[in-house]
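The structure under discussion appears below in the form of structure tokens.
Labels A, B, C, D, E, F, G and H are assigned to the chains in the order they are written; within every chain, residues are numbered from 1.
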Amino acid sequence: MVGIVMGSDSDLKVMQACADQLAELGIAYEMTVASAHRTPGRAVEYARTAQERGLKVIIAGAGWAAHLPGALAAHTTLPVIGVPISSSPLGGQDALYAIVQMPPGVPVATVGVDTAQNAAILAAEILALSDPGLSERLKQHRAAMAGKVATKAAQIEASDRS
Amino acid sequence: MVGIVMGSDSDLKVMQACADQLAELGIAYEMTVASAHRTPGRAVEYARTAQERGLKVIIAGAGWAAHLPGALAAHTTLPVIGVPISSSPLGGQDALYAIVQMPPGVPVATVGVDTAQNAAILAAEILALSDPGLSERLKQHRAAMAGKVATKAAQIEASDRS
Amino acid sequence: MVGIVMGSDSDLKVMQACADQLAELGIAYEMTVASAHRTPGRAVEYARTAQERGLKVIIAGAGWAAHLPGALAAHTTLPVIGVPISSSPLGGQDALYAIVQMPPGVPVATVGVDTAQNAAILAAEILALSDPGLSERLKQHRAAMAGKVATKAAQIEASDRS
Amino acid sequence: MVGIVMGSDSDLKVMQACADQLAELGIAYEMTVASAHRTPGRAVEYARTAQERGLKVIIAGAGWAAHLPGALAAHTTLPVIGVPISSSPLGGQDALYAIVQMPPGVPVATVGVDTAQNAAILAAEILALSDPGLSERLKQHRAAMAGKVATKAAQIEASDRS
Amino acid sequence: MVGIVMGSDSDLKVMQACADQLAELGIAYEMTVASAHRTPGRAVEYARTAQERGLKVIIAGAGWAAHLPGALAAHTTLPVIGVPISSSPLGGQDALYAIVQMPPGVPVATVGVDTAQNAAILAAEILALSDPGLSERLKQHRAAMAGKVATKAAQIEASDRS
Amino acid sequence: MVGIVMGSDSDLKVMQACADQLAELGIAYEMTVASAHRTPGRAVEYARTAQERGLKVIIAGAGWAAHLPGALAAHTTLPVIGVPISSSPLGGQDALYAIVQMPPGVPVATVGVDTAQNAAILAAEILALSDPGLSERLKQHRAAMAGKVATKAAQIEASDRS
Amino acid sequence: MVGIVMGSDSDLKVMQACADQLAELGIAYEMTVASAHRTPGRAVEYARTAQERGLKVIIAGAGWAAHLPGALAAHTTLPVIGVPISSSPLGGQDALYAIVQMPPGVPVATVGVDTAQNAAILAAEILALSDPGLSERLKQHRAAMAGKVATKAAQIEASDRS
Amino acid sequence: MVGIVMGSDSDLKVMQACADQLAELGIAYEMTVASAHRTPGRAVEYARTAQERGLKVIIAGAGWAAHLPGALAAHTTLPVIGVPISSSPLGGQDALYAIVQMPPGVPVATVGVDTAQNAAILAAEILALSDPGLSERLKQHRAAMAGKVATKAAQIEASDRS
């Protein structure tokens, strides 16, 4: 079971891709909102009880001074994956720095700005270490991606452009 | 009473200037270490009990993905002043973004990178609103700064450089 | 009484949120325009007379090389809160640097780019130090924010997305 | 078993902290050098055979246009952790972007610039999902970190600075 | 013969200008898609066989953590020209760093963000070293560009604006 | 007489404000296009003959790797004012650096990104040193700007917003 | 007469090169310290009386949120040249933005970070418009620079390096 | 024959690596100094006569607002390789932007900041298109680099670190 948390419901338009990708890979998840600043107790509680509630990985998306992933990581030793979201006027660089630059001791596994789908795939790679079926599905997903690229390549090669 | 908190004891070399400035202005303070990530409970507890312990303003200095000021602000309605510290390879821009770019609802009063002295003066300006003596000392401090500039100016003007 | 000053009337679309938040918290304010560069005397006069006119906190919003908050701070020992506005082609990073990086001696309490609402809350936190009723309203405001997050969380948790 | 790979032997002074942290947590590892550009075949081979050789997690550190973590990730569905190294004149921002901004489909779990120790802890968190003993050691490591902060805090609180 | 490769078919809207410019200069080219991450084997194969298939120059365009140009360069000693594409929320600076900051040993000839036309001209300059006719056409192209500027200049000079 | 030069006719939409401001201040000007890269001889010739043709100040606007202002400055000892234009995907920071960071020996007087009007005012300030009438008009222009701010201020002060 | 003003006496190590260059070109100058924030009245007074005291150009150097050049420019219509100084942890980019990004209406002629010598040359170019002797000396200075480059070139060409 | 040009003799400490690498690959070169700003005529002349003097490729290194590579490219249709040098307080990002962001029409083949060796290898790749012997030496150079990495890898693998 993967927990998806976002700092604001306005982040849902980015984070939905994470849920969709998990679903496509057959991974159960739950999704909620918890702000590191407006509902810090809620965020702490979520992280503290995550392991006993059966979560294996937490994915947290946030924009601005995006403390949510790190705040969750501070209260659990489960792997926490952070998704910086480009919702501020500084375009996501603020969220990236606030998530990835965790000081020594408490890491957050950070993916690219707004790439919520990649957070799902990373969670799948982690879960697949003890789930051979999922490992197989991940390899098929890779093959499917490669197939799509090959199809597009064939289309572009076939079109006479000169 | 002002509370000074830093994310790591290695931040003391920057934050000591804050304590020194408060002392010079005759403002009582306490100083401690509390990491938003390594000791989150400690940080939360500090902020939650700050008002009842008689603190009026909290000054928090941190480097890297500097969540400490925001984490404290999330648990108190006292004013929290944040000091970004340039301790990471990204030179303080990461700490600045992680402190100043707080999302709507929970502000942190941010000062310049490594300017712990300014955090003290800002705290004094806040406390002076209900302390006429401190207000007077602040004005004298301003006058003294201006005097020092005038002295330096006179020295430079007097030296024949051409 | 809080004074809101903006460097150009085009900043009103950002700064109105500041006035609205102050009004919601029951804090009296005045609002005007004063450019640090086009009407420097006006800005100086505003800051110099602020205390005797009964202002407790000044909030200043500006874009570009945003000198207004610092220029006001140079002429008063009242706390000055700065709001960087993202009106230039450099997207607010110029205003952020020009406001937050005040050199030692004269601080500006800086909030996030375009977060005028947070400037109002920070002003309220400062005023609440000697106004128990406002302190109470601030705590209710926090609780209301938390409540809204909880509602959104419940909606997202309830929707079947998989 | 964790595989540590670095793009150049000059990265060892950063990456050694990763090995040390793994050793402290009782996690077996191997360490080698493989450049994405100078020995691409070696890097590909390493990633392709990683799973069958019994690796569970790969940690890759690199500076400059740091392709190594992504290049490994492209050839395995094991989790790959990337450590940006600040070895170029651009101070690590180039390596950070080149590692974290992986396009949709192939994630790299990125940690902060030069924080090789955090890569080790993240690897431990992943391995601990199926290793209760390691999970316990991680919690002890957290507690030990918190203890060190408390000790430092007590020292700073005890010193009379005013 | 020039090979144009792009990391995703969505890059075609930028890279088409490269093909058009090559065609205009009478240079044969082929164009395809190969992702450094989703189809790494395809990319490697492309580069490895490029010389024997008669390619002289490879032009590679990619966005995000744009490894494609470097990945191709790692498998050929043909000149590889890289075009950073501004497709991520970080606006092309990530792609620029990931392409231009190649570590010592394996260079990529980088042109400006989204300037696929310039990649074509650079390829032409390289091919013209052993093709006097192309060298002549390049000089005519330069003269034509200068002529267009002169025409525009005359129009602006002629319009009475004061 | 002021010479306005732009690197491309597409820069006219920014540079027209420069011409308009000069006209408003009663300053004669000429305007043309000369690319530092596509018509370097034209740019050199323009700068070399500027003084003998009666120009006093040259204003040059350009985007991207904006060499035009520096290229003109290299061929004249007249003051050259540079206007960085935000026409590239990097949003004007590239043009700003390429114009302002002139190495020791050959300065360019740089104004803000896209602020062509300010280039005109700076040119006027320079010309006013030997033109008392223009000096007077500049002071009136300042007074008129201040008057406009006062009017806007009065409007905002008068509106009841609370 | 040129006025050199710096925001702090610690800026003298950069600004001395400005005075030296003016002296070498035979231009009279005065030099002083005036902080836009610690002695704003002094800075205003300096700018307001500059013209009547016979100044033709003002050169202002400052670091951090470098308001001094703009603050002076707000109180005079003399040309003001700004020198950003790299004295903060952000390495001069803060000072550059705070000086060059002046909003429409009040320009500052900005030169490169720490290039105080260029500020002197720019001032000389402005003064030379009405001083043929200085114009001649500037041309000789240019020729001397070119001569030095030629000498260095000859040395490098002569050394057998292969 | 390759021409190496640098904007200042102080750039020699970076550019020497370029000459050394060319020599190692058996490629004849000449090396000189020509400033785009202090000796623009010299730079133009160098580029204009390059082809007739037998040059095939020009390598230009420069710091600050590094116009030299583009200025040379504007006067020749030979390939020009640009090396950004980190000599300014902005650490090479200014030089990188000023070199790589060439506007449409006149490309510069840019390599990483301070990577003069890579400029030499890129020049060799271009020359090798019509020089089978050089092509062979380049492949040997690649193999030697790979060999060195393998040696380093063996050393690190052999050392017992746990």
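By definition in this document, contacts are C-beta pairs under 8 Å (C-beta built on N, C-alpha and C of every residue); 3 or more make two chains touch, one makes a residue touch a chain.
These numbers come from a predicted model, not from an experiment.
Trainee: Which chains, if any, touch chain B and chain C both?
Mentor: Looking at chain C and chain B together, the chains touching each of them are A, G.
Trainee: Comparing each of F-G, B-D or B-C with D-H, which pair has over half of its contact pairs in common by residue number?
Mentor: Overlap exceeds half of the contact pairs only for B-D.
Trainee: A-B versus A-C: which interface comes out with more C-beta contact pairs?
Mentor: It is A-B, judged by the count of C-beta pairs in contact.
Trainee: What's the call on chain B versus chain D, same or different interface residues, using the half cut on shared numbers?
Mentor: Different residues, largely: of all residue numbers at this interface, under half are found in both copies.
Trainee: Just the number, please: Cα centre separation of chain G and chain H in whole Å.
Mentor: Centre-to-centre distance between chain G and chain H: 33 Å.
Trainee: From the C-alpha centre of chain A to that of chain D, how far is it in Å?
Mentor: That gives a centre separation of 18 Å.
Trainee: Taking each chain's centre as the mean of its CA atoms, how far is chain C from chain E in angstrom?
Mentor: Chain C and chain E have C-alpha centres separated by 47 Å.
Trainee: For chain A, what residues touch not just one other chain but two or more?
Mentor: 8, 35, 38, 64-65, 88, 90-91, 93, 100-103, 105-106, 112-113, 142, 145
Trainee: Which chains are in touch, pair by pair?
Mentor: All chain pairs meeting the touch criterion are A-B, A-C, A-D, A-E, B-C, B-D, B-G, C-F, C-G, D-E, D-H, E-F, E-H, F-G, F-H, G-H.
Trainee: Please name which positions on chain D make contact with chain H in the complex.
Mentor: Where chain D meets chain H, its residues are 8-9, 12, 16, 19, 23, 28-35, 38-39, 42, 64-65, 88-91.
Trainee: What part of chain H is in contact with chain D in the complex they form?
Mentor: These residues of chain H touch chain D: 86, 91-93, 112-114, 142, 145-146, 149-150, 152-153, 155-157, 161-162.
Trainee: What residues on chain H touch chain F, complex-wise?
Mentor: 7-8, 35-38, 40, 44, 63-65, 67, 70-71, 73-75, 88, 90, 93-94, 97-103, 105-106
Trainee: Tell me, which parts of chain B touch chain C in their complex?
Mentor: Chain B residues touching chain C: 56, 77-79, 81, 96, 100-113, 115, 117-119, 121-122, 125-130, 135, 138-139, 142, 145.
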